[in-house]
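Chain IDs A, B and C follow the sequence of writing; residue 1 opens each chain.
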Amino acid sequence: MAETAEAKEHRDIAELSRAVEALIFVADEPISTKTLAEVLEEDREMIASVVEELASSYEERNGGLQVREIAGGWQISTRTECHEDVRKFLKTRPSAKLSLASLETLAVIAYKQPVTVPEILEIRGVQSASAIKTLLEKRLIITKGHKETVGRPMQYGTSKEFLIHFGLKDLSDLPSIEDFEDLISS
Amino acid sequence: MQPQPEQYTFDFHKETAEIFAESHDELKIKLGEFAGPLDLLLYLIRQEQANIFDIPIAKITDEYLTYIRMMKRLDIAVAAEFLVMAAQLIEIKSRMLLPHDPAAVEDEDIDDPRKELVDRLLEYEKFKAAAEMLYEKTTIEQAVFARGKIESDDNNAEISATVFDLLSVFEKILSRHKEEVKMEIHREEISLADMIRNLKKRILEVGELSVIDFFAELHSRRELVTAFVAVLEIVRTEGVKLVQRKTFGDIILKKVQEQSG
Amino acid sequence: MAETAEAKEHRDIAELSRAVEALIFVADEPISTKTLAEVLEEDREMIASVVEELASSYEERNGGLQVREIAGGWQISTRTECHEDVRKFLKTRPSAKLSLASLETLAVIAYKQPVTVPEILEIRGVQSASAIKTLLEKRLIITKGHKETVGRPMQYGTSKEFLIHFGLKDLSDLPSIEDFEDLISS
């Protein structure tokens, strides 16, 4: 009888540890022992010992992650030893991601090309200078010569990389409003 | 022809349509809708426990029509495809009633008016099963969670984009633009005379007025131009002067003190 | 000499495993063996074996987390067993389910891609416009260019989000459509 009870308790702690690990992992911010105890409906001391145990098991494992106490809560983070690799990766993250401002600017350029900065301003109603810089850096747009009007403003158009990124064969492959008309009206 | 109430249930994880029959011609729908005419047909065939390769077309057609009529009675919009299928069923039914051409006995399989429908049903049923598989997979996935946001995500507060996003964003810009144009047309009605009157009143009230503040209240380019002309006009014709307290500083419209002159 | 070399190699693999774990953790999307190899400037096969090893060490540990292959990359996520506690903490309900019409449309697109609206209509026997719109908005499907036939209809296919949402490594991870045929006839 005593053995069964003990076995049960052991299983419970393992289960608790699993839940604690999962909760620390999904939390946006360091999660306190108090919150953990509330969510798991467990004794706070019990949770405290489970977390300590979990943190030291990460320590023993000596992997790429650590469970650490910070700002009154617990958090999973990478180990400082890995910071160079992590930093390098974060810098090289897929450059195919765009901010909404860049996306808007890109949309205007894609559908109105060749188009100048004042024309983009006219359509978007906002300055697009930094978006254009980003798009040029990401090679999604290219310059298309000067427009022969007052001030000879530079014209922009989409690049080959643009076609590749959006999976288009050529510019005529760009969807038109008509392509989605049936979908949008429904 | 059972007089007793009977209950049909259709269990695709309780997500889809069910028909309750309280008496034979008093059907009631519960939950959702059938995903299409083929979905409804398969349901009816299952209810009859009929062989899909030998559909009792007369019976199924009657039941199908009963369902459509019931939907209409309940004011449920019947999609055109349901009506097209109804017409097809009636056509197949009538072709089945035609006497067999004895010369074509050997080609019975090919000539079966139901064949095309059966092929479609079989094809459809595969995808229906695939849909169910996807449903099960997504249910499992809903029990798995990715990590919470970490600091490095803030450095990359960006969104990825598809061609659909590109077009919808462009659409949004255009409609936003249209609204602005409309607003500008609306405000156009402020005339130069009104603007001068307005400006003069403001200066007389407070003694002096910041040009930047005044311009900041305006919205459209046309209003700004009118205001600019009004400022020039008021300086030229009224007892108002322009004062700038420091280089590149704000410009103040100031009432000329008569006693100082 | 040989021993020293061996010792060094052992240390290297542990180091590599740490870095791999840290990178999978910080990546906000499943990270591919290719990207890992590039960032860590290592042989792809080497990285592949390190990741496999890491995944099975998580398996053995039987904690609250798992390392799994999804959408062509690796990801750390909570284990399904913990879903109740996690959901309670995040106060989320199972996310809105797709309608039957959307699921059917998605199944047709998944198996027939690239596929046009008329082709989907042919199989489902009903218009799928609103389902397609929903699927586009949820980013489960993407456009795949125009089909070079009369009217140049838009073609659709599944996205990376589709793989993630349904827990698939890649499209070949889907059971074959013929399997369903056997299922139905049996």
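In the analysis below, contacts are C-beta pairs under 8 Å (C-beta built on N, C-alpha and C of every residue); 3 or more make two chains touch, one makes a residue touch a chain.
Worth saying up front: this structure is predicted, and the values here are computed from it rather than measured.
Compared with chain A, the chain whose C-alpha mean position is the greatest distance off is B. Between B-C and A-B, more C-beta contact pairs are found at B-C.
Each chain gets a centre from the mean of its Cα atoms; for chain A and chain C, those two points are 16 Å apart. In terms of their C-alpha centroids, the spacing between chain A and chain B amounts to 27 Å. In chain C, the residues touching two or more other chains are 25-26, 76, 78-79, 86, 90, 127, 136, 142-143. For chain B, residues that reach two or more other chains under the stated contact definition are 145-147, 150, 152, 156, 162-164. Only residues 22, 25-29, 76-77, 86, 90, 93-94, 96-100, 103-104, 106-108, 110-111, 123-125, 166-168, 174-177, 179-180 of chain A touch chain B when the two sit together in their complex.
Of all the residues in chain C, the ones that touch chain A in their complex are 14, 17-23, 25-27, 35, 38-40, 61-65, 76, 78-79, 81-82, 85-86, 88-90, 117, 127, 129-130, 132-133, 136, 142-146, 154. Interface of chain B with chain C (complex): residues 12, 15-16, 32, 35-39, 79, 81, 85, 120, 122-135, 137-147, 150, 152-153, 156, 162-164. Here chain B touches chain A in the complex through residues 145-150, 152, 155-167, 169-171, 173-174, 176-177, 180, going by the rule given at the top.
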